[in-house]
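The structures considered in this document are given below.
What follows is a pair of complexes built around chain A, which joins chain B in one and chain C in the other.
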Partner chain A sequence: MAMTSPTSQPSDFWHRIQAIDRRVLYVLLLVVIILPLFVPIRLPMVTMPSTQKLYQAIESIPEGGFVIVSATWSGGTRAENMPQTEAILRHLMKRRLRVAVFSFDQQGSQFSYNIASRLAKEYNYEYGKDWVHWGFRPIVGVVMKSLVRDIPGTFTTDRDGKPTKDMEVMKGIRDIKDVDAIVEIAASGIYMDWIGLVVGANPNLKFGFCPTAVMAPETYPYMDSGQIVGIMEGMRGAAEYEQLIRATGLATKGMGSISLAHVLIMLLIIIGNIGYIATRARGR
Partner chain B sequence: MLEPIVRFFSAKPPAVLPYYVAGAVIFSILVILLLINLPSRMRKPLIAIVTFLAGLFYAAEFFLPIDRATNKNVLTDYLVSASKLGSLLGGMTLTLGILSLLRVHGRNIARLRAGWYNSLALLVAMVSMVVFGLMDKYGANASAKKVFNVLFEGMLINMDATMFSLIAFYIVSASYRAFRIRSIEATILMVTAFLVMLGQVPVGNAMTDWLPREGFFASLRVENIKQWILSQVNAAALRAIAFGLGVGGLAISLRIWLSLERGAYFEKEI
Partner chain C sequence: MEALWQDILSRPAIYAGAICTIGLMTLVYRENAVYRFFEHVFIGLAAGFSIVVLIKEILDPFLYQPVFKKGEWYWTFVFMFGLLFYFIHSRKYNWLSRLPIGFLMGFAAGQAFQSFANTYLPQIAVSFRPLYVTRADGSVDVSAGINNLIFMIVLVTVMSYFFFSFEQKSKVIRNSAQFGRWVMMVAFGAIFGTTIMARMALLFDRMYFLFSDWLRWVQ
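Let's turn to the complex of A and B:
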């Protein structure tokens, strides 16, 4: 097996384990990602407080409450954001809450519409009465500033251009004070805009955030401050949420792949460092 | 005072809509021509005035006291119109971007420069998306809808996912080659990274699953160590960074709003 790159000119075993051919690494990664999808691995999973808090915040909304779900993500982060969107919408529909979905991303608009339409059939949600899709909305700051004061004026039409003001789902919704919760599913720092422009305008508003795993660490200070009620961290968070709502989905199935990929990365770093330490020790 | 503007931007009946669209296009072209032909010495003051007025509207709307009964101040009702104006400006910048792309890549194709076929692919993809997207939105042609679905859901979304997925492979290769414990700091970083990574996945949970879930020893479970690192150590550092960024952002915003900013772009001749 080709274990060395042609340019590194390895002299012995310790050098060689520091320079495994990148193609070997790619194949290994591919195998550890694909294998668990066919041979599921059952592992214990503990629900993190951040996920639990988001779940409880949604649970605390009275039946018929109004929740806005913003799906600002695209195909690039589908693996993480799609299970998150599905888990949140499933929970909202299970709880018979009124749902308004929209997106600041064109792809996210299409994705979220597809997911919500599918789940609406499953939970007998009628479009216009129980849920609505406001479509793609460009220019984040302007839309947020505007929706704080006038929701029907900001979202005058749905994604198909139909007027929203007479829809039953919008009944009694005038401004941000009539909204019980906002859940943002995103692969960006858009939560800062929500916190800065919207969250403070309604002290009772629950703002949940579902970022990709790599984004999650930077959001912790805002959960501590209470500005974010709970965080669903990447695919792991979605898998925990699926456990909480008792609906095994994409995230739970993907946890085996994520686990093995993490282990592979750690093993490779350890191997590389063993080689590095041994080489350095010999050089002294 | 602003009422006529609000009425002008309100929804129009379908019968008169084409006239409004045509009027808007002609007006936009005239404005762009006017701006292009404006003497150089007048451009910067114009930009400064428009920037200041736009910023002033939002600042005044935010700071002016509201009437308790209506929950509004004198500018609140114009926020929606301002949001529409913002969308219009976004649309105009998009047009400029498209024109720029057409010019640059059109030249590449016309002069058969190296890699001209990439430019051709870009323009064909762009035009196809626009044409079939509009046909899907406004037409009743089932074939156009199918083609658009293939382009958008079948190709664009999957290519986006593919591009992003490639990062995983590069991360594996880069972390294996670059992550060496050359110092105490690097060692602390690696141990912390390992604990967070293990705490993030079920296989890490399984490693310390034999420890009790409650009581003192529960804090040694890897997911709890990870939680402590993220919510205490990491959060404290991030708060400091966010505070610095906030103060810096405020200063920069003020400088841009008042056209005081200097530097490469702002001092450029326009």
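Let's turn to the complex of A and C:
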């Protein structure tokens, strides 16, 4: 809420609505977040073009195609990146594409392995044949430069230390030209490294990005230029993607709460500004 | 009471997660010792987990296995070169740490050239857009033309805002820069809006965890 001036009178209504105790706001916020958990609110959802494009890009990959999923996120952004990871992996497995998962983050490696293992059981994906987890890899630039020219040489072992070169999932995969798509799920600006070091090396490569919502606006120019084929924006993007692949996950469940919270924030901004304008008008 | 203990013992991780979540959320009321305690628990866990992953997924397969199991002893030199980083803590041998730092800086600088070209040259290329757009059948695509016009106006006005090399005396440049500033404000507003969305998502995730995974009150 707007700040009150030192000379203002706290008892004045217009001043008071500009300085509501933050604890009251937190309680209101908790109520609007929790309420839809018990009374589900299903609002119509329009899929944004950015999400639709990512979906179409995955759909256009021929069956048996090879896709790399990088899950560079940790517990702090689980709310957004976990539904994104699940939605993408679910789509890839539904389409029977070969999947290689890895992470530039230690926690992301574990989270993505848990999600992929669970979904693999659901879609009868055999480890080593249909999918592989390359584990955690440090130093982004080195790994990216290396995988452009030699993928089996970059990821010689999986997360458990097993050699990857004899795995069926890696059959025919030599360098970046054999990869159909890369999807990065991240809470950082790592998409710039992919674009700068990898994307240009294979003109047919589809690069999709799943950022946290806060990062999404800065990535639009790269989708506009075609360097990113599609973007799944935060939890909202994940909910749209879940709708496209006809699966209900955490993101879809959360949309009612998120929408109500947005309405509350908008109302508070309007109330605060009304108070501010009224105070200024009376001061003249 | 017995049922509660059984439940705690059957899913201790969920209970630990719930207690940590509630402990950290006490900050909403005010700064307190409980919050501080759980904050340190989280930092300790994250650091400990990182070390385990580093040993299991990096040092073991890329150093221990090749050197001690496969006899590829020459990797020891790479490891020792990396260890030179730690001389940064020594006053006398500090200069040794500059060797790996310099190596990495050289690598990053060389990489930056390629990265810059691949990232920004396509951006410049797609910035040149026709205002008169035709479809494949030869008809005029008015909406695409308007889109390109808006794009061009925004691009030029925002760039004019960043003309800092000379004083903006011309009224045209001044108004253009002013408009560019407004356009950027709209972009910042969009970023702020998505920031709120991101934060709400985090809160929802925690609430869902508490009410669904822990208390099992909702599905």
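A few comments on the model shown:
We take it that the second predicted complex is superposed on the first by the 275 of 284 C-alpha atoms of A that agree within 3 Å, B and C clash if a C-alpha of one lies under 4 Å from a C-alpha of the other, contacts with A are read in each partner's own complex, and residues count from 1 in each chain.
Heads up, the rule we're going with is that a residue touches a chain if its C-beta (ideal position, glycine included) is under 8 Å from a C-beta of that chain, and two chains touch if they have at least 3 such contacts.
Predicted model only: the values in this text are computed from it and were never measured.
Superimposing the complexes on chain A yields a three-chain arrangement in which chain B and chain C clash.
With both structures placed on the common chain, the touch criterion links A:Gly226 to chain C but leaves chain B unconnected. With both structures placed on the common chain, the touch criterion links A:Asp175 to chain B but leaves chain C unconnected. Touch criterion met: A:Gly153 reaches chain B, while chain C stays clear of it. In the superposition on chain A, A:Leu268 contacts chain B only, with no contact to chain C. Once chain A of one complex is fitted onto chain A of the other, the partner contacts of A:Ile20 are limited to chain B, with no touch recorded for chain C.
Using the contact criterion defined above for the overlaid structures, shared-chain residue A:Lys165 touches neither chain B nor chain C, since it reaches no partner.
Looking at the shared chain after the overlay, A:Leu37 reaches chain C, while chain B stays out of its contact range. By the touch criterion defined above, A:Gln107 lies against chain B and chain C together after alignment on the C-alpha atoms of chain A.
In the superposition on chain A, contact is made by A:Pro49 with chain B only, not with chain C. Note on the chain A alignment: of 60-68, 114-122 or 204-212, the part of chain C that runs into chain B is 60-68. Residues 26, 29, 33, 74-75, 77-79, 107, 110, 138, 141-142, 145, 156, 213, 216-218, 221, 224, 233-234, 236, 258, 261-262, 265 of chain A are contacted both by chain B in one complex and by chain C in the other.
Within the complex formed with chain A, the chain B residues making contact are 11, 58, 71-72, 76, 79-80, 82-83, 86-87, 90, 152-153, 156-161, 163-165, 168-169, 171-173, 175-177, 179-181, 190, 194, 197-198, 200-206, 209, 213, 221, 223, 227, 230-231, 234-235, 238-239, 242. Chain C makes touch with chain A in their complex at residues 28-29, 46, 49-50, 53-54, 57-58, 60-61, 65, 107-108, 111, 114-116, 118-119, 122-123, 125-126, 187, 190-191, 194-198, 200-208, 211-212, 217-218. Contact residues of chain A toward chain C in the complex are 23, 26, 29-30, 33-34, 37-38, 74-75, 77-80, 82, 106-107, 109-110, 135-136, 138, 141-142, 145, 156-157, 159, 161, 192-193, 195-197, 199-200, 212-218, 221-222, 224-227, 233-236, 250, 253-254, 257-258, 261-262, 265. Across the complex, chain B is touched by residues 19-20, 22, 25-26, 28-29, 33, 43-46, 48-49, 74-79, 107, 110-111, 138-139, 141-143, 145-146, 149-150, 153-154, 156, 175, 177, 213, 216-218, 220-221, 223-224, 233-234, 236, 255-256, 258-266, 268-269, 271-273, 276-277 of chain A.
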